[in-house]
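First chain written, first letter: the chains are A, B, C, D, E and F, and each begins at residue 1.
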Amino acid sequence: MYRHIKELQFTAKPEKPDALFAAKFQEILGGQFGEMTVMMQYMFQGFNCRVPGKYKDMIMDIGTEEIGHVEMLSTMLARLLEGAPSEVTEHAVATNPSLAAVIGGMNPQHAIVAGGGPVPRDSAGVPWNAGYIVASGNMLTDFRSNAAAEGQSRLMTSRIYNMTDDSGVKEMLKFNLARDTFHQQQWLLGIEQLIADGFSDLIEDSNSEDEDQVQNHTFWSFSEGSQAGEGRWAQGQTLVGGQDIIYQAEPVLLTDDTGLLPPPDPKLFATYDGSQGMGKPGDAAGARLQGAQNVVNKVKDALS
Amino acid sequence: MYRHIKELQFTAKPEKPDALFAAKFQEILGGQFGEMTVMMQYMFQGFNCRVPGKYKDMIMDIGTEEIGHVEMLSTMLARLLEGAPSEVTEHAVATNPSLAAVIGGMNPQHAIVAGGGPVPRDSAGVPWNAGYIVASGNMLTDFRSNAAAEGQSRLMTSRIYNMTDDSGVKEMLKFNLARDTFHQQQWLLGIEQLIADGFSDLIEDSNSEDEDQVQNHTFWSFSEGSQAGEGRWAQGQTLVGGQDIIYQAEPVLLTDDTGLLPPPDPKLFATYDGSQGMGKPGDAAGARLQGAQNVVNKVKDALS
Amino acid sequence: MYRHIKELQFTAKPEKPDALFAAKFQEILGGQFGEMTVMMQYMFQGFNCRVPGKYKDMIMDIGTEEIGHVEMLSTMLARLLEGAPSEVTEHAVATNPSLAAVIGGMNPQHAIVAGGGPVPRDSAGVPWNAGYIVASGNMLTDFRSNAAAEGQSRLMTSRIYNMTDDSGVKEMLKFNLARDTFHQQQWLLGIEQLIADGFSDLIEDSNSEDEDQVQNHTFWSFSEGSQAGEGRWAQGQTLVGGQDIIYQAEPVLLTDDTGLLPPPDPKLFATYDGSQGMGKPGDAAGARLQGAQNVVNKVKDALS
Amino acid sequence: MYRHIKELQFTAKPEKPDALFAAKFQEILGGQFGEMTVMMQYMFQGFNCRVPGKYKDMIMDIGTEEIGHVEMLSTMLARLLEGAPSEVTEHAVATNPSLAAVIGGMNPQHAIVAGGGPVPRDSAGVPWNAGYIVASGNMLTDFRSNAAAEGQSRLMTSRIYNMTDDSGVKEMLKFNLARDTFHQQQWLLGIEQLIADGFSDLIEDSNSEDEDQVQNHTFWSFSEGSQAGEGRWAQGQTLVGGQDIIYQAEPVLLTDDTGLLPPPDPKLFATYDGSQGMGKPGDAAGARLQGAQNVVNKVKDALS
Amino acid sequence: MYRHIKELQFTAKPEKPDALFAAKFQEILGGQFGEMTVMMQYMFQGFNCRVPGKYKDMIMDIGTEEIGHVEMLSTMLARLLEGAPSEVTEHAVATNPSLAAVIGGMNPQHAIVAGGGPVPRDSAGVPWNAGYIVASGNMLTDFRSNAAAEGQSRLMTSRIYNMTDDSGVKEMLKFNLARDTFHQQQWLLGIEQLIADGFSDLIEDSNSEDEDQVQNHTFWSFSEGSQAGEGRWAQGQTLVGGQDIIYQAEPVLLTDDTGLLPPPDPKLFATYDGSQGMGKPGDAAGARLQGAQNVVNKVKDALS
Amino acid sequence: MYRHIKELQFTAKPEKPDALFAAKFQEILGGQFGEMTVMMQYMFQGFNCRVPGKYKDMIMDIGTEEIGHVEMLSTMLARLLEGAPSEVTEHAVATNPSLAAVIGGMNPQHAIVAGGGPVPRDSAGVPWNAGYIVASGNMLTDFRSNAAAEGQSRLMTSRIYNMTDDSGVKEMLKFNLARDTFHQQQWLLGIEQLIADGFSDLIEDSNSEDEDQVQNHTFWSFSEGSQAGEGRWAQGQTLVGGQDIIYQAEPVLLTDDTGLLPPPDPKLFATYDGSQGMGKPGDAAGARLQGAQNVVNKVKDALS
């Protein structure tokens, strides 16, 4: 359950409105790595966390902070949009030609759809969607995704920071930059803690005993003249397992499989030359000989 | 420019078809962290790389490998779909009731849309989209995103590995698991190399001199009774800068800003009680007094 | 700024897991009218509210409650997914044929992507997106949208309520049904309050003095034999203005405009027969004669 | 079955082309609340209507009208785009600097993709999608959604009306404003008719006998210092049932459920500390003990 | 303007309900090549047609027919969904195990969202979106897209036709198959007519005088051992121009451009080694030397 | 498996940067008919091709070429973005008012998200998605879709070609135009080859023996005064079958089916007047009488 406190986490007051800058600013609210993303990502990770105590509490704490960041950025946007030109374009340009860039570059939905407020969209006007977030239940992979998201988020915030000289905006962004600095580290330290607590190795390695024991430490190059072999990733020891990395300068053929497909079900009308024999017709008989038999056999095996 | 070699990178032959498993298998082809994602992500990062030599070559090498992974998985899918039931449901169930799960759970688009082949979609049937990928031009943030993507990809591959006992499928997935193991490390080693070459710190810290120097090492808790303070992320030194992390057990008020918004432009018909004075009408005069004046002033400053 | 309380708003404990029901249950979490929608909609309306006091506080209160609903439903989903079949299908079916429906109908992403937790998607597996929400700045239109959303949400909750007999699930849904009952009324009462406070009429009628004064109270029928004229919407007085509704049984021609388009810019290669004269070529001359002149003239008017 | 009449419902002739305005105008064609939305929403509601006669006919009549509105707006757009600059930017700006705003703000797809015609997208260039519409089969909830959609649509039309002084455009928009005025009332009157005919109460209340009989008339506040209690929504009688609304100034704990999750299936590799016992392995045995047993038990109950 | 006729274009009565088949059937209503696609595509092409008379009328005629097809398919879906299981799963399976496939495979949104009616989505449950359609203003390219859409639509209809033996469904699909047969030809004949009327060549060849006069008749192979040279596409004369097709068995190097990028703006923090000199800082000076100068120069050229 | 060659297929060097043109140029990289579309479409068609030899090789050859086109266009974009204004808007406009159009029209994500590089999006900023592509397994329908895609792609390339006078850009686009010219013909010649090899007729006609033998050669007009009958599509012989096309000037009633729907399941709360009798309640009894019985009967038939 959540509560709301009326004060923002940090002041969100621009010196002056700037509708063109507001259009760009949307990226860090509703973009792929905007505050909506980290807020929803941490909330879902928190709800899906199976380790109560410091882990779940930490995720919930930062998730709750991020809701407040969405609030701060939304407030800043509404204030940047004060007096955004909603009138007839030509009048505005006539009295002040410098407005042309603003009028051309402002987001029309700020006026038409949101009445001078923020929209849950990125700087290109694309609505935020949940395909941006992940909550896998595995804290190593999720913390790594979180550290990456905070890094990308900070980079974009930093680029936007340089696109204004409004001291009010810059003051708030200094706060956001700092939080992204800390949050990047928070997740990296979270990985350290996971390892210290015995929950994880440095990398995701479930079912590692089954994986190909050569390909897990081999770099393949696919370009003639590639200099990729000069990097640390192609020489020295692996980070886990301590094996010597193999540098394979040219791709080798591990198989003669050229992807020849089986004959198609005739009822699907896939183009076919008959070279693999006739596809089994898609009636019960055909299903029995193919997919069905597959199931039947395994059921038998399981029962015996 | 690219070339194609007819052989797959690894054999993609299931023992037997399995349409239900094929539906799940789509996740690692066309899902958020499927092979289409890493292929497109690395290609765009490679095209956008500004450091020729080992860095660009490495990114292009792995990007090129991933195109081949899309090919392998697509081939596996087409073979898993051999004889997938396209006929009248009841006939199939009548001859083999065990088919009910298959018929219920298979992806109908495998038959209707793709004629027995793969679709560029995830296991829920949602089309792949480019909102999954990032190529920021900054190798630290991108390599961290890549390491995260490989970790998530490996986790999902590993889960799917346990959902079949088809030896042909498992054989190929052992190869994929191993590649994800290596690729996770490849990107982590890439970060080591970036630091060694002086291109980056451990975290994204552009404009770091401007950021709030307290908030960049402070953990905020937002829940009564939170145990988050017990974790490494809330105590000890930061990873960069070597400051002692501050644990703030309760949110403090840094501002009295409660997000009161300016009066709206009357022409936008946003509901308003007049308490902030009248909004400036959205004609040229209004714009001049607000947004326009903002521009004008700055132009003057710049010229003087 | 927000705070988190560890307890849920209401108990979210199913009697037993039910993976098939969990797939359906996603609709009221991540669907068009799920809790993610009302949470984000009210948050954005709250951030964009320009009437401090009871209005803004009410919107923020309900928005904050809805975050807790997302939490409750997410928790319920994770518990419904306990022991969801992640193993080889045939084994499960072999030991219990009744599982076929579950295996066919469960959402594979619950296991593969979320590791047994909820996903931010609807019951068809489509990710939530911000195109579902609105925050227009106008409280009448937004409150009406909110009342509609609560009604649709309650209807879907009610349908899902009938799809289980798990007493734990039903207990929680009784709470949710009640909240949707109250929230529907809350927004309808909000409209009453807006009218009482002089902020609004019963319908959105900005610029009403300009609108066509006949078409604002005329019902057009477009089907031969339509019985639409028998309804209240086609007779009696309008709700605002008190005019007698006109029932127009057949569409009448108000114009002879058949949509003939102007000649295309030749550089756009739109197919054209020349019947409207030649399109102006898209060079500066052409632009000047058309779009440019348009701007120029208006600029002149504005300056004179 | 439908027929087409060559004449538009209303004249769609701008005085002069205006490519910048055309970009904004797209919102009311292809936006969340544009004419494509109401057209498709009413069509699907009409096709799904189970009450023949005045209800179905009314829905079909208005749905058919809206197809004609899509036609009108599309025609207006193609005419607004006449002579839109498709040439080299610098030439245009050189001969008329006032064009800068137009060139910056016009939608490039109008020229590149549609050859000077409309696109089925909103003013941010996002394609229309069917996630905007609803046809639930329940006329109360749908009519309320329709009234809301007409209100939002009218608001956006009204905002756009103020963004031009082209008398041709304004003339048509006066017609559209009037239709939205009537259509809002048409759906509200539809609700009156539903109630009069005994099809519905004022709110969606299916399964109302089961819902929590306290929470259906309680307002919860979640902010310290909230003034929400001053509104009609927090005092007086409910609109249905006539109960006195309870104002709960502070959230109360109804449960001690803090969302602790069950142990995960080990094969899903969700991070877990073992505190809830071991997760059941995801083989047939595990499934039988959990999800499967759930089904089996209920089947037994149903048969006994 | 449109009118509605109460009768469907063709009877849409299944013998019996079939909820599993209904889920598949959605593909030809709301899929990439479903009736919603052709309806919206032809409507937009018609509204954007600049050749009045037989062309525009033909497009409008078929577009109007397709609205009726959406109506027919929607009606069929609602009837197929009669009695679709909305109750507790286990009860249904207990009394009839054959229902397992139906319950597993039916679309839960048919019950939860649409109350037993159609949804504007494909067979995977993905909402229809306007990214599926095109209306370019060029009738050759559009007619070719239309012929392709009708072919794909017919193929999917034909596959679905084989997935049922319900005589009522099949009867209607025979009508749809026939219409797709005719409509494919209608668009191909439309291309013949365009050529006969002098509006078009066989292929899109605007600006053809400018294109590379070798590459417009050269086939490039990119695989060792490719047999692509054996096809008609790699030998004989081109369809337009009558040139002998060149078969280039191996890719040749036309350039030594390896994609080396210019130095980045330092304010964008793209990783860079300095090898191309320093990027121009993103202040006015930098812009003037680069992008700005570009504009200035061209403006000068245009004015001189 | 794929390999990479460091050289581009063609030089991608603009004379000068041009950020505004770069925004438009995105259409032919990441738009509906951009190079990402044909690349992914041909790759999936190639992976799903069941005719080895010249067909599969041809598809793979062109698919591999298109990867290189994505590379060329991406490189061009990064170079066009050199020195794109990332600084404070007003400074730039102050020193060069001509920049207003550039600043207004450039894509802010080019700077904020991609650090001066390309984005996988169209010219409106919408991310590429796999709903644009098709790989049906049927080469006739796919080749026709491919020919259409190449035509649309060429048209958009040609329009963009006219929007710049940068000789470097134009040089590369001349290459692209030529490839699109050849590729259109390649797919048309592919259809010729399919027919010559006996794989296909001119149109998709699977199950043609079942289709309605009148409706497959009848043109329906739906507008009074339509001149559609004057076109080749409404007279003369069909392209296949050689039947005389029937022109039906007015729609005729083939059925008296007005779409009356069956009674709804009461548990779905669809509005209903009882005129069709009571809907079967959604318990096991209801299902048995309706959907279930349907299955049971057919199972019996199949077994007897």
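As a working rule, a residue touches a chain if its C-beta (ideal position, glycine included) is under 8 Å from a C-beta of that chain, and two chains touch if they have at least 3 such contacts.
Just so it is clear, the structure is predicted and the values come from calculations on it, not from any experiment.
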| remark: A correct list of chains touching both chain D and chain E reads A, B, C, F
| How many degrees of rotation carry the C-alpha atoms of chain C onto those of chain F, rounded to the nearest 5? | 180
| request: Averaging only over C-alpha atoms, locate the centres of chain D and chain F and give their separation in whole Å. | output: 26
| message | Quick check: how many Å separate the C-alpha centres of chain A and chain B? | response | 3
| note | Listed in rising order, chain D residues that touch 2 or more other chains are 1-9, 32, 47-48, 55, 60-61, 64, 71, 75, 78, 86-88, 90-91, 93-95, 97-105, 111, 113, 115-117, 121, 124-127, 129, 131, 134, 136-138, 140, 155-156, 158-159, 162, 165, 206, 222-223, 251, 258-259, 261, 264, 267-270, 282, 284, 295, 298-299, 302
| request: Sort out for me which residues of chain F touch chain C in the complex. | output: 155, 158-159, 162, 267-269, 282
| query | In the complex formed with chain D, which residues of chain F make contact? | reply | 20-21, 23-24, 27, 31-32, 97-98, 100-105, 122-126, 155-156, 159-160, 162-165, 222-225, 251, 258-261, 263-264, 268-273, 275-276, 284
| query | If you look only at chain C, which of its residues touch chain A in the complex? | reply | 1-5, 7-9, 30, 36, 40, 43-44, 47-48, 60-61, 63-64, 67-68, 70-71, 74-75, 78, 88, 90-91, 93-95, 113-121, 127-131, 133-138, 295, 298-299, 302-303
| Complex contact set, residues of chain A against chain D | 1-6, 47-52, 55, 86-90, 93-94, 97, 99-101, 103-109, 111-113, 115, 121, 124-127, 136-140, 194, 199-200, 206, 302
